[in-house]
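Several structures are given next for inspection.
Below are two complexes that have subunit A in common, paired first with subunit B and then with subunit C.
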Partner chain A sequence: MLEVVDVDLKGAEPAGEGFAHTFLPGEITVVLGANQSGKTDLCRLIAGLNTRATGRVWLDRQEISQLDSRRRSVSMVYQAFINYPNLTVAQNIGSPLRAQGIELPAREARVADIAERLSIQDYLGRFPHELSGGQQQRVAIARALAKQARVLLLDEPLVNLDFKLREALEVELRDLLHASNTVVVYTSSDPRDAFSLGDQLLLLDGGKKLQSGKPIDVYRQPVDARAMGLLADPCINELKHEAREGALRPEHVFFADDLALRGRSCIAFELTVIACETNGDESFVHGEVAGAQWVMRCDGIRRPRLGSRVSVKALEQDVIWF
Partner chain B sequence: MLPLLTNKRWLKVTAFKPHNNRAWLGVLPVFLIVGFSAVIPLMTVVNYSVQDILDFNSRFFVGFQWYRDTLNDARFVDAFIRQIGFSATVLAVEIPLGIAVAKGISKTSRMTPIVLVLLALPLLIPWNVVGTIWLMFARPDIGLLGVLINAAGFSYNYTADPLHAWLTLVAMDVWHWTSLVALLSFAGLTSIPAPYYQAAELDGARAWQVFRYVELPRLRGVLVIAVLLRLMDSFMIYTEPFVLTGGGPGNSTTFLTQYLATMAVGQFDLGPAAAFSVLYFLFILLFCWLFYTMVMRNDER
Partner chain C sequence: MNVNVSRWILVAYGLYLFLPLYWLMSMALRTNADIVGEFSVFPVAPTLANFREIFVNPVWYQAFGNSLSYVAINTLISLAVAIPAAYVFSRYRFLGDKQLFFWLLTNRMAPPAVFLLPFFQLYSAIGLFDTPLAVALAHCLFTVPLSVWILEGFFSGVPTELDEMAQMDGHSFIYYFFRVFLPVNRGAIGVTLFFCFMFSWVELLLARTLSGAETKPIVVVMTRTVSASGLDWGLLAAAGVLTVIPGVLVVWFVRKHLVKGFALGRVS
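Moving on to the complex of A and B:
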C-alpha cells in the first residue's frame, strides 16, 4: 500500500494544505490531468527524484520520504523511450538486477521470462536503436518490471506511440500489471485510459487533487465542472436551465428526432451549427447554444448544414447540476 | 491490371522530365574554387616532389627518389616518432581532462555562460602568442611557473633538459586546447534529457555507471570530432614549439613541421621537402581514416 500525505505538487502552498491519497497494491490507479497538472511531479515525488513537489510518502506503513531514490522499491517508465543505448535488450532488462547484485544465471532466467511476457524475446541480442518505437518502450517496461519493485510508475508511457499500437499495448499492459501484486500508478491525459486501464481514478487539476474513486463512479458523479471536463471527450457543454447551472457530455446531446429519447423527460435546446467533423464511426457537431460553445457526439455520419439551426434534446437525467 | 497501371504512371513521369546536364554548370564555381585553393597547390607540391629543379631551364625527373630518401632519413623517422608521441600524449591528457572539466560545469547556474567564455579564452589567443606566453611563464629565472617550481625544490629548466622541454610543451598544448574538448563535451552533456539520468538513478546505478552507460554513449559523437580535430592539429603543430623551444634542446622537441620548415626554407631543398610534404599529408589522412573507420566499424557491431 502506497500512501502520499500532505502533497503539494507545485511546491507553493503552506505546509498542511496538501492532499492525501492511498494507492492499493494489485490495482491500477490512473492519474488523469491536463498538461501542467502535476502528474509527472507526483511520480517524481513518489520515486524520490528531483521535483518541486513536496509531501510525505509512506510505503507499506513505512515512511520513505527521506530515502534516496536508489533505495526505494520504485521503478518508472517514461514518456520518452529510455534505454541504455550501448547495452543489448537483454542487458538493458537485466540492468536493475545487476545493480541489485543478482548472479548471472538467475538474471538470465528472469530476463527471459519478462521478455517473453512482453513478447520481445526475439530481440534480446539487439540494441535499442535497432527496434521500433513500440518495441523500445516494451524494453523500457520490461526493465521496470525486472526490478520487481513494489511500486511501478508509468508516466504517460504510450503517448508517443501511434494509436493502434497504443491500444494493443494497453490491453497487454492491463493483464500484465494485474498479474503482479504491485502498486501501479499510470498517468495520462486521455480519459479513455481511465476506463480501459484504471481500477481507480485520481483526477488532478492545477497541482491539486480534484476527485478519486472508481472510474465509473467519477464519471457518474463528478464533483464539479472541471472533474467532469477531464473525463469528457472532447469537452463538456455548459448550460443554464431554470436558473440552475449544469453541464452535459457531448455523447448525451441528441438530435430531437432520436429514438432513444422517446417517452422520456427531456430538455430541448436550439443549436446553431458551426462545424462538423466525422471519422465515419462517429461525428462531432460543433455549435452554439444560448451563447455557449457546444459539441455533440453522435453515431455514424451526420453533417447538418453549417449555419443552420437544429433542434437538439438531452435526457434530464444526463444533465449534471452543480 | 495493377502492373499496367503503374507502368503507365512511370511513362508519364519520365516523359515530362527534361533531360539535360545544365545542373553541372551550377557546380562549376565550386570546382574552380576547390581547384585553385586545394588541387593546384597540392599538385605543384607533387610536381616538385618527383623532380630535381635546379633553375628555370634545368630540371630532372627523379621519380620516387626523394620519397625514398625521406623515408630512409633517420632525422625524419625520429621526428615522426616524436610527433606520434606528442599527439598520443596530448590526446591522452586532453580528452579525459576535457570531459572531467565539462562534467564539472553546472548546467543551470547563472555563472555558466561566464565560465564558458572564460574556458574559451585560450582558444582565442594567436598561436605564436601562446608560445610567447609560455616562453615567459616557464622561464626559470623570471617566469612565474619556472621560479615557483624551482622554489618548490625541483630543478627545472626547459631550455636545458629535454624532459622538461617536453613537459612544458605538453602543458602548453593542454592549456591551449583542453577547452575545446571541454566545450564540445559540455554541449554533448547538456543535450542528454533529464529522464535518462532519473531512469539510471531508479535502476540503482552509481555515479560511475551513470557516466559509463548514460553519458559516454551520448558523448560519442562529439568525442569523435574532438579526437579528430586534436589529432590533426597536434600532428601539424608548428608555431608554439617553434616559439617556445625552437626544437631544442638538441633535437628533442623537433617535430615534423619544424624539420620540414628547416628543409624547405632553411636549406632550400625543395624536392625532398615536397616529397616530405606529400608523405606528411598522406600520413595525416591515414591516421584520421584509421580512427574514423575504427569508430564506425565499432558502431556497426
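Moving on to the complex of A and C:
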C-alpha cells in the first residue's frame, strides 16, 4: 500500500494544505490530468527524484520520504524512450538485477522470462537504437518490471507511440500489470486510458486532487465541471436551465428525432451549427447554444448544414447539475 | 558536362591542398644538394638519411619525446578536470553558473603572450621551470576551458532521465558514470582529446619560453636548426613530416565526431 500525505505538487502552498491519497497493491491507478497538472511531479515525488512537489510518502506503513531513490522499492517508465544506449537489450533489462547483486545465470533466466512476456525475446542481443519506438518502450517497461519493485510508475508511457501500437500495448500492459501484486500508477491525459486500464482513478487539476474513485463512479458523479471535463471527449457542454447550472457530455446530446429519446423526459435546446467533422464511425457537430460553445457526438455520418439551426434534446437524467 | 567541371575543380583544389604536404615529404627524402640543386618534381636519389639522423641524434628524438610528454600530461589533466566540470555544468543549476561558464570561455580570448611573463617568473620561483609539467600546466589554461565547453555541449545532449533511471535501478553514481555515461560520450571525449592535443602540439610561444635545455620541444628545435653550413633543409623536412603524423593519427580516430566538436557539441 502506497500512501502520499500532505502533497503539494506545485510546491507553492503552505504546509498542511496538501492532499492525501492511498494507492492499493494489485490495482492500476490511472492519474488523469491536463498538461502541467502535476502528474509527472507526483511520480517524481514518489520515486524520490528532484521535483518541486512536496509531501510525505509512506510505503507499506513505513515512511520513505527521506529515503534515497536508489533504496526505494520503486521503478519508473518515462514518456520518452529511455534506455542505456551502450548496453544491449538483455543488459538493459538485467541492469536493476545486476545492481541487486544477482548472479549472471539467475539474471539471464529472469531477463529471458520478462523479455518473453513483453515479446522482445528476439532482440536481446541488439542495442536500443536498433529497435523501433514501440520496442524501445517495451525494453524500458521490461527493465522496470525486472526490478520487481513494490511500486511501478508509468508516466504517460504510450503517448509517443502511434495509436494502433498504443492500443495493442495497452491491452498487453493491463494483463501484465494485473498479474503482479504491485502498486501501479499510470499517468495519462487521455480519458480512454482511465476506463481501459484503470481500477482506480485519480483526477488532478492545477497540482491539486480533484476527485478519486472507480472510473465509472467518477464518470457518473463528477464533483464539478473540471472533473467532468477531464473525463469528457472532447469537452463538456455547459448549460443553464431554470436558474440551475449544469453540464452535458457530448455523447448525451441527441437530435430531436432520435429514437433513444422516445417516451422519456427531455430538455430541448436550439443549436446553431458551426462546424462538423466525422471519422465515419462517429461525427462531432460543433455549435452554439444560448451563447455557449457546444459539441455533440453522434453515431454514423451526420452533416447538418453549416449555419442552420437544429433542434437538439438531452435526457434530463443525463444532465449533471452543480 | 557540369558534373565533369565540378569534378575537375575538386581535383584541382585537392592537388592544391596536397602540394605542400607532398613537397615536404619529397624534401624529407632528398639530400641537401638535391634540394638546393636543379628543380625536379620527384627526388633524384631518394634517401632515408634525414629520418635516420632524427632517430639517431638525441637532440631530435628527445625533442619529440619532450613534446609528446607535455602534450600527454596536458591532455590527461585537461580531460580529468573538464569531464567532472562539464558534467556539473550540464546537470546542475547553481548560483552564478552561467557567469562562471562564460568566464571560462573568456580565458580563451587572451593571447598566450599575455601570460608569458607571469608564468615564466612564477615557474622559475617555485622550481617548475624546465619540466614537462610547466608547459602542460600553462597550456591547461587554454585547453581546460575549451574542453569544458565542448564536453558540456555533448553532455547536455544526454537526457537527465538516464541519470535518474540508473539511480532507480539502484546503481551507484560511480558505476553509472563509468559504465554508462562515459561510454555513451566516448565520441565527445575523443573530440576533446583532439582539440587539447592539437593546441598543445602546435603551440610555440609558451612551449619555447617555459622549456630549458632539458625539455626542448620539437617545435623549438625545428625553428633553431641553423648550423654553420646554413639550414639543413632535408632534416627539417623530415622532422616536419614526423610532426604531422601524430595529428593525422588523432584525427583519424575521432573523424566521425569532429564536425560536432567544432560546433562545441551543439548540433543535434
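Quick note on the criterion: the second predicted complex is superposed on the first by the 322 of 322 C-alpha atoms of A that agree within 3 Å, B and C clash if a C-alpha of one lies under 4 Å from a C-alpha of the other, contacts with A are read in each partner's own complex, and residues count from 1 in each chain.
Rule of thumb we're sticking to: a residue touches a chain if its C-beta (ideal position, glycine included) is under 8 Å from a C-beta of that chain, and two chains touch if they have at least 3 such contacts.
Only a predicted model underlies this, so the values are computations on that prediction, with no experimental measurement involved.
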| item | value |
| --- | --- |
| Clash-or-fit label for the pair subunit B, subunit C on subunit A | clash |
| Subunit B versus subunit C as contact partner of A:194, first or second or both or neither | neither |
| First (subunit B), second (subunit C), both or neither touched by A:151 | neither |
| Contacts of A:99 with subunit B and subunit C, given as first, second, both or neither | both |
| Touching partner for A:253 - first (subunit B), second (subunit C), both, neither | neither |
| Subunit B and subunit C contact sites that coincide on subunit A, given as residue numbers | 47, 49-50, 69-70, 72, 74-76, 78, 80, 82, 84-87, 95-96, 99-100, 143, 147 |
| Subunit A residues within the subunit B interface of the complex | 44, 47, 49-50, 69-70, 72, 74-76, 78-80, 82, 84-87, 95-96, 99-100, 140, 143, 147 |
| Touch list for subunit C against partner subunit A, complex | 159, 161-162, 164-172, 175, 180, 183-184 |
| Parts of subunit A lying in touch with subunit C, wherever the complex brings them together | 47, 49-50, 68-72, 74-76, 78, 80, 82, 84-87, 95-96, 99-100, 143, 147 |
| Subunit B residues touching subunit A - in the complex, by the definition given at the top | 193-196, 198-205, 209, 213-214, 216-218 |
